[in-house]
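Shared between the two complexes below is subunit A, which has subunit B as its partner in the first and subunit C in the second.
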Partner chain A sequence: MFEAIAFYLFAFLTIAMFSIAVLTSQALHAMTALAAGMIFISAFFFLLGADFIGVVQIIVYTGAVMALYAFGMMFFDTTRGVKEKNANSMIVFGLSGLAALMVVIIFVAPIVSENIGAFYPINEAVGNTQDVGMVLFTKYLVPFELAAVMLLVAMIAGIVLAGKKMDHSLTQMSEEEIELMRESNKKAQL
Partner chain B sequence: MEITLNHYLVLSTILFAIGLIGVMRRKNLLMLFFATEILLNAVNIAFVAISHYYGDLTGQMFAFFVIAIAASEVAVGLGLLVVWFKRTSNIDLDAMTSMRG
Partner chain C sequence: MDTAFFIETIVKIVVILTVFSALAGFGTYFERKILAFMQRRLGPTYVGPYGLLQIAADGIKLFTKEDIIPAGVVGPIFKIAPVITAATAFMAAAAIPFMPEFTIFGYTVHPIVADINIGILYILGIMAVGLYGPLLGGMSSNNKYSLISAARGASVFISYEVVTGLSILAPIMMVGSLSLIDFNNYQSGGIGSWMVWSQPVAFILFWIAAFAETGRTPFHLIANDHEIIDGFGTEYSGMRWGLFFIGEYANMFFISFVMAIIFLGGFGDGSALGALALLGKVAFLFFFFLWTRAAWPDVRPDQLMWLCWKVLMPIAVVNVVITGIVLMF
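Here is the complex of A and B:
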């Protein structure tokens, strides 16, 4: 009973918050609603017994991702001069059809796949965090390391892209302009 | 009143549809990033719910990697947004037509 009440309460709150995030025209309202929705989603993870993912959700999304978005919003007046217009109707029709198809597949798929067995069963003897750690560092070690390398690449890309002296792009300059820039850089170093 | 896997899958579908509506109607690049975050979170709910109801940890592992991908997407995407804003002082998606495709 408690689980049902919690599920419906958080489902309502999450849908309301994400609707605000999608439909409002104020960027600050959208960002705040999105951050609240992320925290409400972590409540589902705690309800489902996935404590570790719930904590990671709060730390990564509301801690890191939302801070980055706040940075992107407050250092640059990003909402200036952007008018929300009606999208191309063909794209709207296509995506709506795709969404409807997805709803049908999601309702049909549990009926089709009745005979699913657990690949890595949940170990009841230990807690969720310990269980996640044991599976992550044995069966999923290679994807874990690849994710670590991907995060490193993303971090370097973020530093390089948002760092200083990156406001001129080599891909949009002509060859002569690039040569001129190299010459001036050499002179500046001497 | 038992909460079953289908409840969570329906919730995940609704949230994914909200994200799709956002992707369809947003013209601001930053708001488009918000909508993609909603899409990724909707999928995460489905993964963790399936993991719980089938007693299998694989769903939680995939949700974990989806969070890692979302974090790196934000880092690179915001870097590109900052570069584009410095050059054009505008992040309207309709104005990004430099490739003339």
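Here is the complex of A and C:
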């Protein structure tokens, strides 16, 4: 019974939070609601006994992804509402409705035709973390390593793009050095 | 799910909430007295014996002060931000074993709210969520100092989470479990088996990162009084500001418990002496936070980032690799 109560409570909370994220015109409200929704989703993983995935959901989405969104929003005036520009609301409505319908069909089709089954059921003898690790490092080793390589490529690309002027630190330079750098930059532009 | 389990859990939650909220108050008293001692001042002396009633006076002031919501702030977010800080601090406490299990009136009590087998990951995750308190508080305040503080908070938390996670990875590899109880049992053979001897580098890194995660003095940039007033707390008054404060002090206590359990042997074999030893270790680690505040100046934000990404993170990665090689052969 407690599981049912918890499920409906968190289902309601998750849907409410994501609705706020979509419907509000205030950027800060949307961000907070999205972060809260991400945390409420992890409750479903806990209810299913997938502790590890639940915690990873909190760490990755709320701790890292949402914090990066927030970091991006530092450069806007978040205390005012956003004026949205909708040229044609029918197109927006139709496309988003179609996308939602597609997602529902993708997930419901295998359930309706009963073609879904757990290949790797939970092994009670070892913990949830070990279960995930065993599957990840045997059957899904190649995709896992590919993802790792792709992340490494993205990281190196990010450092190369952002790190062009990393050897200069304005806080550590004296006023004359900064002036000198500005002069040389102006000359280079001319 | 029997009734006894339910009542036990609720009692545990209430005890942790009250004890650590009160300890946050006492923490401020200790902080003032210790700072005063180290800086050759007297600290609080007027209210009560040795100034002890200063805690009560501060509490009454915080509770009864007018709750001001300034014009121009984003109301709901501004109101909820302090609650996030305090709530995440106490949520992290759910997976911490505060004492060895003991029997009272024939009933065995486990002084841990939820013994989940991913305890340490859960604590790190919830502490990561604690970032939203300063972040949302700063962004909704409509104040430039608060906004600077929020930006600093986001960068410091994201960066130092990397160091915390990587430094703790090596001990996790040695123990082979994420449960804090398993960590404690791994080191139950006395001082010689403490994790700090086999993982000194990880211990130092985690300790440094703990200062950043709690926003204590060498890394106190998030609310640096002499440059950005009180940072994210500038626009807050009364108990809303008090909640930020309780969250910060509760976090200091909880991270001291985590450090003592992971690296310093925890409560050892589970005897009464072991429990006392755990409290002693936590007291020392808490004292160290205050000691550092008295002894060290703040670092600059760019120095903080330099320290994290160019010094601590490479050391943590090398530590993980060496631990892996040693474990393999």
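Operating definition for what follows: the second predicted complex is superposed on the first by the 123 of 190 C-alpha atoms of A that agree within 3 Å, B and C clash if a C-alpha of one lies under 4 Å from a C-alpha of the other, contacts with A are read in each partner's own complex, and residues count from 1 in each chain.
We take it that contacts are C-beta pairs under 8 Å (C-beta built on N, C-alpha and C of every residue); 3 or more make two chains touch, one makes a residue touch a chain.
All values derive from a computational prediction rather than experimental measurement.
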Partner chain in contact with A:95 - subunit B first, subunit C second, else both or neither: first
Contacts of A:22 with subunit B and subunit C, given as first, second, both or neither: first
Partner chain(s) touched by A:184 [first = subunit B, second = subunit C, both, neither]: neither
Touching partner for A:73 - first (subunit B), second (subunit C), both, neither: both
Partner, of subunit C and subunit B, that touches more residues belonging to subunit A: B
Partner chain in contact with A:129 - subunit B first, subunit C second, else both or neither: second
Contacts of A:119 with subunit B and subunit C, given as first, second, both or neither: first
Which superposed partner A:160 touches (first subunit B, second subunit C, both, neither): first
Subunit B versus subunit C as contact partner of A:35, first or second or both or neither: second
Which of subunit B and subunit C A:62 touches, first, second, both or neither: second
Set intersection of subunit A contacts, subunit C complex versus subunit B complex: 52, 56, 64, 68, 71, 73, 78-79, 169, 172
Residue ranges of subunit C touching subunit A (in the complex, touch as defined): 1, 72-74, 76-77, 80, 116-118, 121-122, 124-126, 128-129, 131-132, 135-136, 139-140, 142, 147, 150-151, 154-155, 157-158, 161, 177-178, 300, 302
Residues of subunit A that touch subunit B when the two form their complex: 1, 3-4, 7, 11, 14-15, 18-19, 21-23, 27, 30-31, 34, 37-38, 41, 44-45, 48-50, 52-53, 56-57, 60-61, 64-65, 68-69, 71-73, 76, 78-87, 91-92, 95, 98-99, 102-103, 106-107, 110, 116, 118-122, 131-132, 135-136, 139-140, 143, 147, 150-151, 153-155, 157-162, 166-167, 169, 172
Contacting residues of subunit B [partner subunit A, same complex]: 1-3, 5-31, 33-35, 37-38, 41, 44-46, 48-49, 51-52, 54-58, 60-61, 63-65, 67-76, 78-83, 85-87, 89-92, 94, 98
Complex interface listing, subunit A residues touching subunit C: 2, 26, 28-29, 32, 35, 39, 51-52, 55-56, 58-59, 62-64, 67-68, 70-71, 73-74, 78-79, 127-129, 169, 171-172
